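Consider the two complexes below, in which chain A is the common component and chain B and chain C are the respective partners.
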Partner chain A sequence: MNVIIVGFGFIGRKLVRAFYKKIDLIRNVDASFKVIGVSDSKGYLYDSKGLDLERLSYVKRLSEYSGKYREGGSTEEIIEKGEADLMVEATPTNINDGEPGLSFIKAALKKGIHVVTSNKGPLVVAFKELTSLAEKNDCLLLYEGTVAGAVPVFSLVRKCLQGDIIRRIVGILNGTTNYILSRMYFEGTSFELALKEARERGLTERDPSYDVDGIDAACKAVILANALMNRNVKFEDVKRTGIRRVTQEAISLAKKSKFAIKLISTIDKHIEVSPKLVPINHPLCVHGTLNAIHIETDLAREITLIGHGAGEETVSAVLNDVLTVMKETASPI
Partner chain B sequence: MKFDLTIALADRPGQLLKALKPIAKNGGNIISIIHERENPSAGFVPVSLVVDFPSKWNMQKTINDLRKIGVTLIKAEEVVDTAHITAILVGKADLERIVQEGLRNAEIIGFEVSAPTSKDACLKLEIEVPTDLLDETLENLRRVAESEDSLVILPI
Partner chain C sequence: MNVIIVGFGFIGRKLVRAFYKKIDLIRNVDASFKVIGVSDSKGYLYDSKGLDLERLSYVKRLSEYSGKYREGGSTEEIIEKGEADLMVEATPTNINDGEPGLSFIKAALKKGIHVVTSNKGPLVVAFKELTSLAEKNDCLLLYEGTVAGAVPVFSLVRKCLQGDIIRRIVGILNGTTNYILSRMYFEGTSFELALKEARERGLTERDPSYDVDGIDAACKAVILANALMNRNVKFEDVKRTGIRRVTQEAISLAKKSKFAIKLISTIDKHIEVSPKLVPINHPLCVHGTLNAIHIETDLAREITLIGHGAGEETVSAVLNDVLTVMKETASPI
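Right after this comes the complex of A and B.
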């Protein structure tokens, strides 16, 4: 399988390193696996014989990989070459119009290239369009890394809950707000101080409103609703309240009644992101930067998944999606 | 709708069966029954039942039928399923309005206020709401609190 990687930021670089470290495991699934192209916003590397993963895993910028870098070259060019079987799309998230990832994903699917993405933007903006396009072109479009990082929620439902109807999903889908609320709960710090700490630790987006006003959690709720509950909702359909007004006093009062306050995404007949009281003995009541997703179905009833929702751990989800594409598209022997 | 019934039966064979027939005939589904045979009083045995009837009318008809066959009714009252809810409000809200408009169907069983004079005053309410009115009550509470520019934090 010929793979191209679009986006050489944090996830792109960590993925290359994971490919290099786990090459034996990957080649056991597909002996012909190779990365033939990697692009960023300034250009691309391309070699149809396969790039050297060891060399690639030690460069910070694509231009440092000598000999093959084509400055000014576009991602569309490497898609159009027609040699790729799978594109991993890991460009920065843009929830306004989904670009540039949205155009890259569309171009790849139209060309019959399977797509794995960790980028919420395109799915929030055009979920139905992309899944229809994938179906029409007989391609897989997998996006495990877009919601709750390494927590395998889509894979679980796709593989293990095929006969269940999901009635309700509630979850902590943003690790930054969970960190802030946990600091307020355990240390008694103010919202402002906990936010400052989160920024210093590099846990917030450049614009913290993305986290604290529930924008990130709302995007994930949209993807969960569309992917797992067959809805057709947009970001604007989410009733959203962030955590800026959650005071230390509110957290103390909740604590006295054995609740913690968490920013919760709820998908049932409504779709909502807001601070909620979570009983401290409920499986969703996880602290620090952890994410948790509680699924209620007609048959299995309740299942809770807990794990790391962002950062390097997301590579686990992306790599699993890549291996899934390889396995599900392998020719029968 | 569920009703809590207590009847007194003569301590003789066949009395319980006789009393259950009107309940079944009027569409009652017995949820629980406690037959206190070991505590007879003046030759009567108390029997406590929780019965689910399709309507109040079915319940009333059952009571009439029981009386006709000589069964003594000690208690008959509707069982109201209630939910115990904790809610926290942040902001300087008009408490009177919240109680009158937002919590019409609820019974306030406890509250605690923190920093009442600040713009971020906090109010914790412990309320009991009939289960069938829960969604409506919480929606009312949310609507009134939001119109008062308060943040309302409800359980998941």
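Right after this comes the complex of A and C.
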């Protein structure tokens, strides 16, 4: 399987490193695995014989990988070469128009290339369009890394709860707000101070609104609803309230009654993101930057899945998707 | 796919009901699905054209399904007929010699029949023997229902964490002791009273030792270690301490320091079952009859999976295994 990686930021680099370190495990699934191209916003590396993963895992910028860098070359060019079987898309998230990821994913699917993405943007903007395009072109489109980082919620439902009907999903899907609310709960700090701390720890986006106003959590709720509950909802359909008005007083009061206040995404009849009281002994009530997803089904009744919602742990989800593509597209011997 | 069900107790009957209610979903995966035989300790029903799932889902005993019951007929007979593709084994658990399930599973695998089981006994007694036999005969042997009921830990690791290396597994794997310890923690009751309550609620085996002395949890730890961490351990290898000596005083003291005492199964360098202090804010710290499994890996770092560890929810796990067998053995079109 010939792989191209689009985007060489944090996730792209960590993924290359995981490919390098786990090459035996990967080749055991697909002996022909190689990374033939990597692009960023300024150019690309390409070698149909396969790039050297060791060298690639030590460079911070593609241009440092000597000899092969084509400055000014576009991602579309390496897609059009027609040699790739799988594209891993890890460009920066843009929830307004999904670009540049959206165009790259479309171009790849049209060319019959399977896609694994860790980028919410394209899926929030064009979920149905992309899944239809994938189906039409007989391609897999997997996106485990887009919701709750390393928490494998999509493959859990698709591979481990195949006979269950999903009735409702409730989750803590944004680690930054969970960090802030946990600081307020445990340390009694104010919202402002906890936000400042989150910023200092590099947990927030430049514009903290993305996290604290529930925008990020709403995007994830949209993807969950469309992917796992067969909805066709858009970002605008989410009823959204952030955590700016959650006061220390409210949290203290809740705490006295053995509740915590958490920013909860609910995918039910309606899709909603808002601060909610969660009993402290409920499995969903996790703290710090952890994410948690509580799935209600007809048979298993309730399954809760907890893990790290961001950071390099996300590579677990992306690598799992890559291995799934390899297994599911392998020709029977 | 022709299915036979061995054992028509609680799980067997609930499974038949799930097959009946979800027949469209199942036939969507495998149009040829039918249940051709069901056996219990006294005889069997058999019809190569397929039994009527509606009728079958309304009988409590096989003999009530009029016309087809062969009293005194053995499970071996319906295996030997050679028409089954998959056997679902749900006979009572026997951790001493694994029988009668062990013999049934061996007979089926030798005949090239795939096996799904919810019965710990055979796997505790003969894990390597059975998995080798399955491999030799090119059969699938799946057992999601054997550990933590509806909590799909085996498929989670195999399908959702394919690129991760599992470093350590820590779990609350016995719902009865978790119920007892939770009563002691929340209500301040004594061990004796909590055990009495658990008995009255039908949560314990006739011999409560199975639960309170950690025998059940140790069996599950053995299966997890062998299945997910490539060990070759037996029941005797588990260092085991039950909860009989956990006093109300110890629990109160722990509670003051924000810990709960839980019966924890640890699969690490050594395999151990013993009461341990768990921080009340740790994802593993679930209460009531819930089970929880905390998996430490190299990439995702930590994933916790929580759900119902016994009862009819287990059918979710068994049905998922059945659907997995259908998908993985389907001939490509």
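Here, the second predicted complex is superposed on the first by the 333 of 333 C-alpha atoms of A that agree within 3 Å, B and C clash if a C-alpha of one lies under 4 Å from a C-alpha of the other, contacts with A are read in each partner's own complex, and residues count from 1 in each chain.
Quick note on the criterion: a residue touches a chain if its C-beta (ideal position, glycine included) is under 8 Å from a C-beta of that chain, and two chains touch if they have at least 3 such contacts.
In this text, all values refer to a predicted model and were calculated from it rather than measured experimentally.
In the superposition on chain A, A:G307 makes contact with chain C only, not with chain B.
Contact with neither chain B nor chain C is seen for A:V125 once the two complexes are overlaid on the shared chain. In the superposition on chain A, A:F259 contacts chain B only, with no contact to chain C.
Touch criterion met: A:A150 reaches chain C, while chain B stays clear of it.
In the superposition on chain A, contact is made by A:A250 with chain B only, not with chain C. In the overlay built on the shared chain, the residue A:I105 is in contact with neither chain B nor chain C.
In the overlay built on the shared chain, the residue A:K276 is in contact with chain B alone; chain C does not reach it. Touch counts on chain A: comparing chain C and chain B, the chain ahead is C.
Once the two complexes are overlaid on the shared chain, A:T241 sits against chain B while remaining clear of chain C. Of all residues in chain C, those touching chain A in their complex are 18, 22, 25-26, 29, 144, 150-152, 155-156, 159-164, 280-281, 283, 286-287, 290, 292, 297, 299-308, 312-313, 315-317, 319-320, 322-324, 332. The part of chain B that touches chain A in the complex is made up of residues 86-88, 90-91, 112, 114-115, 120, 122, 124, 126, 151, 153-156.
Those residues of chain A whose C-beta lies close enough to touch chain B in the complex are 170, 241, 245-247, 249-250, 252-254, 256-257, 259, 261, 264, 266, 274-279, 282, 284.
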